[in-house]
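Multiple structures are listed underneath, in structure tokens.
Heads up, the next two complexes both have chain A, just with different partners, chain B and then chain C.
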Partner chain A sequence: MNIDITTVNSAPRADAEAAKDASQVRQKQMIADHYEQLSRAREDGRKVVYTFVPGNLTELIRSLGLLPVLPEINALQSGMRKLSGNYIAEAEKLGHSEDVCTYVKCDIGMMKSGNVGPTGMRIPEPDLLLLSYTGCFTFMKWFELLREEYKCPVVMLHVPYQGDGEITPAMRDYVVRQLRDVVVPALERVAGHALDMDDLARRLDLSRQAENDLVAVWEAARHRPSPIDGYFGGVYYIGPIFSAFRGTEDAVDYYRLLRTEVEHRIAQKLGPMTPDGPSSEERYRLVVEGPPNWTSFNDFWRMFSREGATVVSSTYTRVGGLYDTGFRHDSRNPFESLADYCLGCYTNLNLPMRTALLERYIREYQADGFLINSVKSCNSFSAGQLLMLRELERRTGVPGGFIESDLVDPRYFGKANIENRVQSYLQMLEARKNKVTA
Partner chain B sequence: MKCIVGIDLGSTTTKAVLLDEQGRIIGKGITNSRSNYEVACAVAREEALRAARFTLLERALPAATAVSMDVLLAAFRLELYLDELGELREEIDRVLRSLNYHRDRDELGAAVRSVLDGMVAEAPALFLGDGGRKSDFFRDIAGAGFMAGAERVALGGVVGFERLVGLFDRAILDVETRLVPRPFGALLRRAGDRCASRTSTDREREALRQAITFAAEEVINEVCFVGTGYGRQTLPFPKSAVRSEILCHGRGAHRIFPGTRTVLDIGGQDTKAIQVDDAGVVTSFQMNDRCAAGCGRYLGYIADELNMGLHELGPRAMQAQRVAKVNSTCTVFAGAELRERLALGERREDILAGLHRSIMLRAMSLLARSGGIRSEFSFTGGVCKNPMAVRMLTELVAENYSSSIVINTHADSIYMGALGAALFGLDDVRAGRPAVLPTFVRQSAPAHA
Partner chain C sequence: MNALSLPTDASDPLAPALERARSLAEDLDLATVRAWKTAHPGALAVGYMPIYAPRPLFEALGTLPVGVFGGGDQLDIIRGDSYFQSYICHIPRSTLELALSHRLDVLDAMVFPSICDVIRNLGGMWQMLFPDRYAAYLDLPQNFDAARGGVFYVAEMSRIADELTRRGARPLTAEALNRAIRDENERRATLQQLDEVRRIEPWRLRASEAYLLLRAGAVLSALDHTELVRRFLDGARLRQPRAYDNVRVVVRGAFCEQPPIALIRTLEASGCDIVDDDFQLGLRFIDAPIAEDTQEPLRALADAYLRHGTATASRYIANEVKGDALIARVRATEAEGVIFCAASFCDPALLDQPMLEAALDRANIPHTALKYAENTGQFQVIREQAGAFSDAVKLWGSAA
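Right, the complex of A and B next:
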């Protein structure tokens, strides 16, 4: 997901400024403040924990007074700022293969190039690597590499996969036990003091408030025209809650503000913002599966927005937490709800569950089509995607499309080829629409 | 006569198809895409317009005439070729005049004129005899003739082969990217005169003359243009007149073979696997991504490696006794593997067979991703003209799906994209949507509006 709006809007500056909502300005300030705090962490005597977006335990980290850093976000930021190509080359020089996840290589390349974050300030070294989610096998290898580099401890939370399509009590207990016996003690050791359970409960309540507002934003896409783009626009909306801000007052304020703005758009019957300003018409409603490409994010977005295609829902915007199926953080059962959160991340769902979720989005949001952006180096997402595509077509009769690109490796974004496919796909939807109405 | 024009701008060739208002194909044209899309479009359209006039001619000629349409067409092409040779001569003269620091300019001029004179002399046999042209493109025919002539002249003369060919290379690009208006009537009359000796009576001669006049003077009104293909972003078409090549190929193939449910199109740098419904509307598709190995250019590269013509590859591969297993999926590596196997003494035909199978294996993978193969299965694009490609595909379909699947190929398969584009144009015309003419029509030749 993205954090810094200004890096994205490469449209003429006046447009970018005009297009900026109050929530975007607010988010940008939150991010800037966070990186500022990080850059001063050593002087201020604050400890830093590196962790991942899926299964992030931000409330725990914050309750212990620690500062979170999310290497995935640094990587996608580098992608958007056109730095990732060089970082990846740097990592490949060190011996990392061409086929390895490009987030990992981008992160390692950035680290080797001075670890300067998106706001131009240096990111401090970690005091602890919190491997909070194991559904992505690469995460383990990633932190293994960072451990070698920083010589700092790793604490691992093993999150069982929902292979049978459910969270059993045994799975929940297993995660809760790890949290109590391993993760919290490790965090306490770094913090130098014990966890304050009251503060954790307070933060979980804050999480719940923000989550309620976020779900309202997602569900706004049921309107015609949809007031939001749930993928290209959606990656901005998840910025705070998927990164350093879940369980903070800042996040609560941000999502309240965002929800108000979206409700205003609904009342005005306005479509979503696009890189070229407000969208003028909604010709296609799409559901998208898979992460976006970050190196040509705006070009990619425009391939849709300029054809009047709005993404009404997406699964990528659920990787750091799936809330629209009912889950909320719960201060009455703090560890249990943190466990359920980790177990319920989108990529921890098995293929039938993912298919069912996509089917639900297609139906609920009345999509004309669904598109898969397949990223070869991200197996958490890409394995099984073609099977899902066929099954969804069979169940819904809605045509699926398939394109391939990469997260942050600019070599794997073939603009002409991808544009060709997207246009062909949208024209196919048009031809089929005409056939139905004819 | 009103007609609708579909243009498919491919990476290798540009195709145009003309439909009449009833949706019948009245003309087709093809040219090499050069590096200039606008010219390629204009030339392909010009070719299709000529073909349309031949359709008119055929309709106007009495059934039992002594001059066959084939002969007339060949004679027409000959006249066209001679005109183009004239332009080549002028361009070469211009190049020669610019070589003012060369002491042997006069000798060079005499030698090149001798080459060109020879080409003019050989032209009738090339078109009207059994000369067997290997291409219909001026660049290819003239290129082959010039090389042969230059070799001959260089052998006995004072001017080297390379210098002669250098003149051709400098001139040809300008010649083929220049749009010269060529009055159809004049060319056809010359062709008619050339064939007149084959007619037996004055009455026949008169009938031919009248038919020619009709075909040349009938007003062809192009009411709609639709463009598609690889270069469609740069096509001089308004956005509303551009359609995706996927939709066009699916629709074109379905028009020719209405039973079509799966289409495989292999072009110069694209492979497309397309599923269509009973109306020819695309339901899903897959295209090669990131890498174009396994497309037409792969065969082109192999042909170059073996110093063979592209059209010779398939027939040669058909003589294989066994199919060598080619492991490389990369075109360049496959070239290296080819050389290595040749060095090890493997038969050229067997290796070629293996290379063809390797292309088709890639296509099979794409087809599987698009949803498999259903009957009828239509194979289109330039590569389907290759008999070994068709044979390998047929074998693989039988191995992986069923031998009962009907596989269609068509001599005009290369035109499917342009045909589909024209069919979309016909929809527009029938729906009363206003057509916008592409820029090259206004620039190059007057539309008969």
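Right, the complex of A and C next:
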């Protein structure tokens, strides 16, 4: 599966802007500090837990004094740093099929090449693989593969899928039992001490605060012009909360700062930042489904930003937590709350629920169009998207666009082809607008 | 010649049973299921996708469980392709084609067991495309402790059973479920005899023939299928076939989207006796008897899944060593090599394969790998590859 996140070296470069937003600077420092801690983990005697973004249990990991590593984020960062092509080739040479998820192959190739992270420092080997099986079958195979390489323990948290459109009591109870009886004991064994429930509750309160501010940032896109890009810019906004920082004071400070900046942009009627500086005009408001391409991320973004297309909402920015439908972590019911978080991640929703959420975004954010970026690597996202496209057009009357690329395999990003499609789509939206105006 | 038909020999004592199996296996219009429903007025037919579904549960509800394995190479895909990108495997296309062409209208419900993201999402598509029919996602537990995964699985089965009952199935009773479990155990024991024949004398009953028999089981009740398996066994024992100097191989990776039967025959024609495989794994997924006549037969069904489920790619390997189960099968069947035979774009099989290959390397068991789609029509390359593999194993005892 896919996931996003901010990188140290490739924060959205505002080439035309001398100073970065304070939130960007803050996030960059947080991430640099985290990788610095990871690089010193062995000498500092700290233990490292690899886990996945959807269904991550960062509060638990942090409460036990452990350091999280998210291989999806390593993979996407490798993509942004133009390293993923070689890593994938390395994995394919070792016998991994060209048909399967490129995040997995990128991660394996990176490991075989020394496991050097985005700051140039080596990422330590895991003391535990926390296999949170949430919304993506490939996760399971990914950590089976890593277990073969690292020879370390794995603890599985099986999160049932909302296949029939609801979280049943049996599903929640199943996850809670696994958390209490399997996951926490495994983490405690690695940490060498018991979980402090008060500290966990404190962290869940911190999570809630950050989640409130993140939702305010998402909902700011209802303004015209939208002060944010909820997809290309949005992947930076989710950086801290989807990765190592949920349940930390750092995350609370970051999201408070980000919210303040966004509110300032609303007051000033400013559009979002783009790779070329502040957006000067909002010509099209789009909703996007599917992960972005990371190997040509800024090129991809510019195809939209240079045409005045702002993404007002996206589903990819909900894979590590769906907060704008009301969920918040709850310190009064810590395990139940963590279970509900895992069960509610975007890719754990069935296709009718995903379609309904997109319909809601299209309507609530008054989108002119919606676009699906279908990535070869991610069947969890991609299988069924063509039906979603038809269904959304039928329900909303808003035209959809469809492009194909990949997460981190540069062989599957055909720039000219994608650009042609995006331009044709935006021209169609323009013609449609003109027709309505006439 | 029809895609599934075999060369017939009237003097072959297996011919009548083989012909019956073939006609059932190629019954994409589900005429057999329609006939069953006519004979059982008011009863429901419940389709299910690979790999594994708890068939005794459905039989206990008075419904006919029907395995749906896609359209194979017998079906032109007219509308199914327009729902899937080129990098998605083939079985969801042909399954959707079957539904959109009304061949599956006889099914009152469809169950989508957790196997991979594609089949999972196909379940969601079903809910959107056919809102008047019940489409259930069956989440099979990946935690194999009775107090956690077992409790959850019992709840999952109860939830689906209740929904089917609301739609006209019989209410679930312990008596009916215990009876269905006995029937399933009987079928399993009979299929084991068939596997034993294949293991000892693979030329007596070819894998391509056993394949048809298993496929026929997708549209029959356990009792009816057991009867057909017995006829098969009787016919096979009366045969006087020639023994071939072939290489004994295990085939792995074809548990969901099925290879064309011509591909299986191609492997056989290339000098391979397939003594063990995971084609249509579902009927053989539980590798030990389910506890009979218990007070809580649902729990017995769950326990069988937890404790005796086959180590396949969609099942998490928790405490066991990856590849050990495959090596054990190779040893038990006295196979000389393994052919990985996976559908293109099949995430579970293809992600699993490097780990299994590494395990086989450590055990010095030769192996080779090929890919297919269910509608593959060209086999020359496969014939050459499998032929080279069998020659190498015969000559040098390895694929090197």
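By our rule, the second predicted complex is superposed on the first by the 420 of 438 C-alpha atoms of A that agree within 3 Å, B and C clash if a C-alpha of one lies under 4 Å from a C-alpha of the other, contacts with A are read in each partner's own complex, and residues count from 1 in each chain.
Here is the rule we go by: contacts are C-beta pairs under 8 Å (C-beta built on N, C-alpha and C of every residue); 3 or more make two chains touch, one makes a residue touch a chain.
Computed from a prediction, not measured in an experiment: that's the story for all the values here.
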item: Contacts of A:Ser382 with chain B and chain C, given as first, second, both or neither; value: second
item: Partner chain(s) touched by A:Tyr150 [first = chain B, second = chain C, both, neither]; value: neither
item: Per-residue contact with chain A, leading partner among chain C and chain B; value: C
item: Which superposed partner A:Lys141 touches (first chain B, second chain C, both, neither); value: second
item: Touched partner set for A:Ala431, first chain B, second chain C, both or neither; value: first
item: Partner chain(s) touched by A:Glu404 [first = chain B, second = chain C, both, neither]; value: both
item: Chain B versus chain C as contact partner of A:Phe327, first or second or both or neither; value: neither
item: Contacts of A:Asn420 with chain B and chain C, given as first, second, both or neither; value: first
item: On chain A, the residue positions that both chain B and chain C contact, one per complex; value: 386, 404
item: Residue ranges of chain A in contact with chain B within the complex; value: 386, 390, 393, 399-400, 402-404, 412, 414, 416-417, 419-421, 423-425, 427-428, 431-432, 435
item: Chain C-facing residues of chain A, complex; value: 94-97, 99-101, 104, 133, 136-138, 140-142, 144-145, 147-148, 156, 158, 160-161, 163-165, 168, 170-171, 173-174, 177-178, 181-182, 350-352, 354-355, 374, 376, 379-380, 382-387, 391, 404
item: Residues of chain C defined as touching chain A within the complex; value: 82-85, 87-88, 92, 112, 114-118, 120-125, 127-129, 136-139, 141-143, 145, 147-149, 151-152, 155-156, 159, 313-314, 316-318, 322, 344-348, 350-355, 357-358, 371
item: Chain B residues touching chain A - in the complex, by the definition given at the top; value: 233, 243-247, 279, 281-287, 289-290, 369, 371
